[in-house]
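As structure tokens, here come the structures.
Across the two complexes that follow, chain A remains constant while its partner is chain B and subsequently chain C.
What follows is the complex of A and B.
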């Protein structure tokens, strides 16, 4: 019966992009539309004394200039806390800075003009007088009593803290044969979507309707946010997310600029557009990571991992992000530590601290790269301490494939994973013995290669216990409306969204299989709150697993409707019929009974010919919320082969391997490209990407000329293999795959670099592993070796 | 104050009044509605705005519209209509060498320019040629594959044309 699920199919919607016919918000121009530009604080912290907009208001093309006094009263402030993060604090936020500026880039005024260029000219004429004060930009000392505060509205710089521990963790460390430890630093980086954030707000005072064209992955969340914060009936708010030029979690947060654009449209009664330029993106898009982690691992003499203890300090912005908070990443860091391993004991401490920089929040693989890098680096040290090889120590400690269900030391429940099978497959692919021989031969010639591996667990298909439980209006369910058109073609309107990962394609495949048609006959609509049912849309790897299951169940309900109607038409028991080849066929023989076109024709144009009481509604709506396990975890392992130039500190990525288990694979072509893209988003921050700040809280490399993103020439070819362990929680069995690549790529690369540097005794524990840091590590190792 | 620009865009003569500071990218997108040319950084780093000006790829964000005076501009819309990159587009589609689609026009421009000067590039040469094209979605490998496949197919077609008998003019 399954015909298209599991097949590599091209994305129909890719044709538009290839022809230059994408429809992005940044392309949209509406009649009477104004362009918005924001005047931003040049200082990281200070008090606003005066904003003089007089000269700016006289500039050509300028229609209005707003400051906080004009705009903020129109919007209910937002607070980035969640109830289930006990004790969390964060002050209210509104569109424009009122008295304090909290980071360099904080919007203080908004210009509305006929063109963007004219608005920018006027922005230069706005005089903002700020009495600057010393910003909070440092590490642990910011949490000490009496330390200057990043935000005067909070009682300290501690946003949130939590502790997880098992009762026997101290005993595990006391009794361990070896304790390995290291201090890690994970630099700040940011999403750098190629299309910057873009929004066109269009309020029609005549009808009271607000339409927001918004480059986001979560249109329903923004429908709710705009309705609540601007006091509009939800039914009057429509959010349309057309083509989105990359999102990766960055475009689901509430930003001052989008809220300002909506407020301006509400006040002016005409369309307002805001498209961030790249420099603004760097100082206003959320950043990610920025963690200092001290980690220890207790190991028995035979290499058995007994326990881990970690202390994670993460520095966010001056205010926690809304509505998902800036604490969720740290929360995932301490819960994902050691996740692939049998390790019974654990203590994890998290401190989330305010500082005067751009907010951090969820970006692809939230927390995963940090937990994975710390765990896997400590596993390497444990291997070294116990004389095990990297594959051997993992084989000894990874949860056995037949030992499920399993609960991790941090409390995560795993339904069924395949770590050991993945490890064995990676070993075949990498051939570590050959790599070791090559490494040894090359070392004699002064060429330093290394390889590293990293096992991982990925959180996918989260249920309502993820955010909903904390009071956030973030949906964990999704909805689909599937209908048969009069032609017999199928249409599916669904709440999961498309940002190029292929959502519409896989939904068509899933629906097609339920209705016995080719996917070409299934059209899919996404990204519009007025034409699709409400749902969570895309975040935390839920499109295939939750969206796919929603489509499957809706499709099956439509199938039953069609078969019931067909039974009445061909006078057969519906139970003896099924759908195949675009027709109703006899279930036993496969003989065609009636084509879908004919059913559509009769149901639509000649319902009068149907027997009395026969339901001819060929539209079904279905909503699905995850049941069973709170998450569908996926797992896998990655390997990295690098060459380090010990003269220059440059790292060349030679090869990357991934073995991944995302459950049922709907479209292998798209799954593999999600993994490859994800791997590169993991390798970037491991080697290149870092938002660098000076002590004054100024971002010093906030442009694409200075912030290093991974480019084609630096990236390796990536070989991928799969193990398939479908979840039993759904009929479809699919889990998520979007974050797997990012989760472990950096950890594997870090282990590979350290393997290459092993002859020198140098070891990197900070990302990105820049040439300078590598040379510093080599230098430090040399000094240690030569010290008296 | 606006100045007149006379240029040819995708084969069609265009005469438009533009502000002297307008970039070619803004001119194409805002004045002519050719939104297939994208803006990613407005400083010549990302490659999303690449177009062909007199046959050579240029960053439309760094070229002023007035610099196109008397020249010919080809954008992804034009190359699509003429079929000049149809094989590249097909290989990109087959290989899923695009996700969000925002970098794709620029990738096609770089690929077309590369294959014009080097019909059968190696993977390293392709990666090198894309050094000014940023893609956040794909990880680049699929793009490299698609360009390599196009290069192979074009080379094979050229070779078979060269070895074919001469009395096949009708085949053109």
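What follows is the complex of A and C.
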């Protein structure tokens, strides 16, 4: 019986946030709390000759100034490699720079003062003498033998490389009627969360307990990290992630500043607060992307895709991120190439290179937008080469909906996807014939519109093969404790976390349906390692699929307990009873037998009246780890309609369409919110967002005056439709949806821009597609046309 | 980052030239200059307080004059550290050309900034640099325009 799963329910915490009752770490003030500010290297690379803190130490309000010698010995260094990335290397990292500074922004000293303002004033007085050396900031040449190195601890700038190939890939290219190819560049961008990174570390020397209030999506991971790296018993470490103002993958990495804040609290025995300001977020939050990809596609005369070959060079920081590494994005790029298509052959080469910039690592839709943009741009070229239309070539090559299970050329196993149904639905929504007619009519008036589409596959519900197999202490399982209160209300404590996406709301819906109550009667606790069971929490689109299944199974166990107890109370076989409307009812007739509050009252206050041997415990704990396929892939397709002003290079986004299949939909409203937010986060880097560096390794647009984020006024209407193909791996059947919008929005927009520019022969292969790049492409095309 | 520009100064070339090497004139003309010490014939050490957007910093730096062709041209190169705000380094080629009753001063500078200053973005840096340069020349013109007789005896 399903009542609330599948219903649009408003996000439970939205009302609290709207009322200004949010509880963010940024707002937390504890007695005797100190404020931390970090002195950062202004150089991208260099050797520290001297740090003079004397003048700073005399500033008003300053309690302590720490350098590497004070903090680093308190912390085990961390190394951002994973065992299953064979041959990967990265130097150990610790809190403050010891001898070398590795990027502009690398923390070298930490000031602790009574207020942030006093700490900042003191930071201004710290004299850091750095002998700067030539930083590594370039592209492919950084990997050549003898090239200057980004850090002195590794033997080259190659962090990791890998190659995937099928045996017949070369033959496919030889025999192809057409080979299309292009070189792509995907700019760096960053998360720009509304609430920046925030942490308040509170060590109590009397009890030996460390409590860290941390705006993170993965509290259990940080409980483990803090315990191991600071040598504390895990049971003495508590991590609390209350309301978190956006995370998008950026808030699950280990950062120097958070580790420094914990170390300072351990040393001083009082609470220490660090909240990144916007300027330092740009030079310390992880960045994402930064890939150069050369791609080729082999196509038969009838438009059948035979093979792809890609070479991806991605430039990370001087050190790989911890604990998920900076190589996982590239790894997903080369594995997701061509994923929606029957394409039998493939070769993908990945090179991950160190350079002296901010670290890159996982950010919403890790690798997906790159694999999707390259694949879909090549599909467009293949369509052009073979005279197919964009819908026709995809219909010809997308995996048939009845051809599952299917293994991709890169080795991904797909349980069941719905590409063809999604394509057909998108065609109905977009009406491409009408768009073509409109395009032709407008061109005669000098208005250049274009549309583009992009199919995608998204990785969700990852099992332990994702990180656990590589030795990372990152949980693939989740846990829930569900209990019935004496009143009959339900409480669920669960390890998946809430950053504004509505996790708590959908968990309440799932639990409510197992126990026959309204979701309003289910309260949900998340984000506190002391009050919720350990689990993976939220990343890689696992909250609904894995967390939801955990809640479902725990709810069913509690249901069985309640029915057993009710059977004893009403003297009926529990098998003839079920839960509905807040009561135990007769399974066949639905007639009420006993209300939940009556069961709660007896179990709690009068267990003495129960027959001997009847278990009156109304709390269950359950843990669930994904079984079956290593991932539950989702799929979908997006369309974009744009207008390009060929005089100014400005792109107007007119409309965006998404057809998405995330399996069982728990809450249509929140699923659509996830898709819309994801689309915006995909369109941002396609058109606006880029962390720009100069040749000296200086970030030159690290403020919101210069770094362009997508605003509501630039965003188009986003129309969404769904196909539902539940996974059979779970009872719930839900897959993830958080990254779907981001995965393909940029690819669709790039195809749309290039469709608009087709009459000029101009073609963009670099993101963001800024007005300048569009004008340059138009100019290059003009030069080519007019060349003798 | 390239900065370039020119300014007409209503004074004879040798007066302008001398002013460019005069510690007191420079100290008065440089916006935000807190101290300026001449450490040799061709070297100065300066402390300058600047505000760029939300970042204010006290820069300590050294300036060296080279390629000197008296009365005509020279190169100023320097490096300054603004502590947590970052650093700036660069060189400027300064040329004087007689024009009418005065002299036209032209400068071509190549400046690199680092740290928080760089991250603020070149638009802000460049507009601030332009503003400071304008202020410098306005100050210089004003100082040069003061008649010699007005000097205290």
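One rule holds in what follows: the second predicted complex is superposed on the first by the 788 of 788 C-alpha atoms of A that agree within 3 Å, B and C clash if a C-alpha of one lies under 4 Å from a C-alpha of the other, contacts with A are read in each partner's own complex, and residues count from 1 in each chain.
In this text, a residue touches a chain if its C-beta (ideal position, glycine included) is under 8 Å from a C-beta of that chain, and two chains touch if they have at least 3 such contacts.
Just so it is clear, the structure is predicted and the values come from calculations on it, not from any experiment.
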{"item": "Contacts of A:171 with chain B and chain C, given as first, second, both or neither", "value": "neither"}
{"item": "Contacts of A:680 with chain B and chain C, given as first, second, both or neither", "value": "first"}
{"item": "Touching partner for A:717 - first (chain B), second (chain C), both, neither", "value": "first"}
{"item": "Which superposed partner A:39 touches (first chain B, second chain C, both, neither)", "value": "second"}
{"item": "First (chain B), second (chain C), both or neither touched by A:124", "value": "second"}
{"item": "Chain B versus chain C as contact partner of A:282, first or second or both or neither", "value": "second"}
{"item": "Contacts of A:773 with chain B and chain C, given as first, second, both or neither", "value": "neither"}
{"item": "Touch count on chain A, higher of chain B and chain C", "value": "B"}
{"item": "Which superposed partner A:701 touches (first chain B, second chain C, both, neither)", "value": "second"}
{"item": "Touched partner set for A:236, first chain B, second chain C, both or neither", "value": "neither"}
{"item": "Chain B/chain C common contact set on chain A", "value": "703, 705"}
{"item": "Chain A - residues contacting chain C, complex", "value": "39-44, 104, 120, 123-128, 279, 282-283, 694, 696, 698-703, 705-706"}
{"item": "Touch list for chain B against partner chain A, complex", "value": "19, 21, 29-30, 34-43, 45-46, 48, 75-77, 80, 89, 92-94, 96, 98-105, 108, 123, 126-128, 130-131, 133-144"}
{"item": "Chain C to chain A touching residues, read off their complex", "value": "53-55, 57-58, 81, 83-87, 112-124"}
{"item": "Residue ranges of chain A touching chain B (in the complex, touch as defined)", "value": "10-11, 14-22, 24, 26-27, 29, 117, 191-196, 243-248, 277-278, 499-502, 669-670, 673, 676-681, 703-705, 709, 711-713, 715, 717-718, 741"}
